[in-house]
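Please go over the structures that come below.
Consider the two complexes below, in which chain A is the common component and chain B and chain C are the respective partners.
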Partner chain A sequence: MMDNDLTQYLDYALIAMLLAVGFAIVRLRNLFAVVMLTGVYSLLSAAWFVSLDAVDVAFTEAAVGAGISTVLMLGAMLLTARESEPAGQKRHWAALAVVAAAGAALFFAIPDMPVYGDPNSPANAYVGMDYMDRTPNEIGVPNVVTAVLASYRGYDTFGETVVIFTAALGVMLLLGFGTGRREDEEEDEA
Partner chain B sequence: MEVVTFLVALGVAAAMAIMLARLFAGPTLYDRVLAMNSFGTKTVLFLLVFSALVGRQDAIDIALLYALINFVATIAILKFFRYRSLEIALAQMSLRKALDGEYEQ
Partner chain C sequence: MLDILIERFNYIPIIILMMTGLYVIIATGNLVKRLVGLSLFQTSVFLLYITIGKVFGGQPPILVDSGHGEDAGHGAETAAHGAETAAGYGADAAHYAADTAHYAAEAVYSNPLPHVLILTAIVVGVATLAVGLALVVRIRESYGTIEDDALNAADYSLETGSSE
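Right, the complex of A and B next:
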């Protein structure tokens, strides 16, 4: 019980930092700082996922959010300006009302969710526990999510990988691999 | 002992917050690059202390992945600002420079 009480304060610290980063992303004009803050946001949220014991999600978030998308955002920034235009002073009250209503609806739904660790919750009551029981004997992988992804539905994951690989290959064949010299550079040198 | 580990984790979180302040304030680009790199390092440390605190080993894998990603992201950012492009490999860039005779001066 002791460490539960303690790690909850670390969660609060992480969430407070997430909130600060979110506001900074909205407020800052310097797009480069915003790109780096999105990377920081994803690092922070992945650390929070680890503390919530969702290591797989944290792994994906770290690889995709902090790794690839930071580089992609930098590449996108190459095509635009360095500073964003100042937002107009006009306030969009209708948008604020919609967001507030959606937030209120989410808070209203919170009491309907099962308590954390509730044995009768849908996640714990149906086939999930069956996988928990059988995985150590059938697969022998410590992480049940990995066992489900890579073994129980291995063909499905394999098919997804093939689809994504084909898509990436098609995009690269259509747009080029990016190693050739660009035409404007060659004109400059000629 | 647990309380000591918790205090260490809290200290690392405070260091992360300080780095965040530097990242918000800037003012130059290199302040931000350094702050982000240092923030990533502190995230790795935080995860390691956290895994010691709760006694789970799998967070260490995440910490290793973070260390790698942090390195790649920093290299990508610096490359972006040195060459204004992410398209061409660094090795080819220096090769082209050498062929264009920029190093002869």
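Right, the complex of A and C next:
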């Protein structure tokens, strides 16, 4: 299993870079740098998605997470502020306490989670594989993710477009398009 | 105990990344950076779901044989049959047939369901992000600041009628 070994090291490298970028986002106060690093973070996670066999998620994350989100945040940053104030000391400790407690609780839950890559874990064994078996006969589309998204869970996707429509409407109302107050590039999400 | 953690190594960095996002949300008073923290947290949750759906030695859930499952099974059988009969004639052909049969029969796919859920979540996430940023822009227009300490002070002086 030489292949497996190599991708494993790629995963470790990507995880290390994700952690480095995450900590850099915490430390930096220049909002431009923070926003650009968020784009980098999205792109790195997209790379990890490819290695985790989630190619559809990867290109959506690369296009929407690293592309559109970054553009939206850059636009908002240009309209608001370039620097963030440093966090107060009291707030720093409060945040650290909350994070430590939540993180400890999550670590405590790790042994209950399915083993990484286990094909027989409850998460992987039932309904997902059922979709794999049924799709060729019922839908006839080779890409199972597309089949589930557009057919089995079509109403879900329809609801998603309603959410996007509502969000676009909310953004337009908040920023007052068409009332001659200000023109922005905020409403064009996919 | 260590075995349990090593088998589940993927959760450890993901939890750390989640907590990084949570820390940014709580510790920073800047509203844009707070939304950045929210999207950090969100991306980490996506990673959590996708790593759960990973199957060892799996491939992306795109069927190798275009379309028809019955045909795929059939193809595997005939190919295996072909492998047996062709063994006498040409080692290459036999090898090829055996390979394809093996590939079609043994193809392991990762779980497509988390992928579908996360695809929806990514798009909904960017929609909520857009609304949040629009709110921040409006707050900036009304208050002239996006630091929440300054916003609280402005609200306080508005309520009490005192001008600081």
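Simple rule for what comes next: the second predicted complex is superposed on the first by the 143 of 190 C-alpha atoms of A that agree within 3 Å, B and C clash if a C-alpha of one lies under 4 Å from a C-alpha of the other, contacts with A are read in each partner's own complex, and residues count from 1 in each chain.
Quick note on the criterion: contacts are C-beta pairs under 8 Å (C-beta built on N, C-alpha and C of every residue); 3 or more make two chains touch, one makes a residue touch a chain.
Nothing here was measured: the structure is a model prediction, and the numbers come from that model.
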Note to self: With both complexes superposed on chain A, which partner does A:A24 reach: first (chain B), second (chain C), both or neither?
What the structure shows: first
Next item on the list: Kindly classify A:Q89 by the partners it touches after superposition: chain B alone (first), chain C alone (second), both, or neither?
Entry: neither
Note to self: By the touch definition at the top of the document, which applies to A:V55: first (chain B), second (chain C), both, or neither?
What the structure shows: both
Next item on the list: Based on the superposed arrangement, let me know which partner A:G75 touches: chain B (first), chain C (second), both, or neither?
Entry: both
Note to self: With both complexes superposed on chain A, which partner does A:M113 reach: first (chain B), second (chain C), both or neither?
What the structure shows: second
Next item on the list: Could you tell me if A:T7 is touching chain B, chain C, both of them or neither one (first, second, both, neither)?
Entry: first
Next item on the list: Classify the contacts of A:V40 with the two partner chains as first (chain B alone), second (chain C alone), both, or neither.
Entry: first
Check: In the superposed view, which residues of chain A touch chain B and also chain C?
Finding: 53, 55, 75, 143, 182
Item checked: Of chain A, residues touching chain B in the complex -> 2-3, 6-7, 9-10, 13-14, 17, 20-21, 24, 28, 30, 32-33, 36-37, 39-40, 43-44, 46-47, 50-51, 53, 55, 58-59, 62-63, 66-67, 70-71, 74-75, 78, 143, 178-179, 182
Item checked: Touching residues on chain B, where the partner in the complex is chain A -> 2-3, 6, 9-10, 13, 16-17, 20, 23-24, 26, 29, 32-33, 36, 39-40, 43, 46-47, 50-51, 53-56, 58-59, 61-62, 65-66, 69-70, 72-73, 76-77, 80, 84-89, 92
Next item on the list: Enumerate the contact residues on chain A facing chain C in the complex.
Entry: 1, 4, 15, 18-19, 22-23, 25-26, 31, 34-35, 38, 41-42, 45, 48-49, 52-57, 60-61, 64-65, 68-69, 72-73, 75-77, 79-81, 84-85, 87-88, 91-92, 94-96, 98-99, 102-103, 106-107, 110-111, 113-119, 121, 123-124, 127-129, 131-133, 135-137, 140-145, 148-149, 153, 156-157, 160, 163-164, 166-168, 170-171, 174-175, 182, 184, 186-187, 189-190
Next item on the list: Mind listing the chain C positions that touch chain A in their complex?
Entry: 4-5, 7-13, 15-24, 26-33, 35-37, 39-40, 43, 46-47, 50-63, 65-70, 72, 108-116, 118-120, 122-131, 133-138, 140-141, 145-147, 149
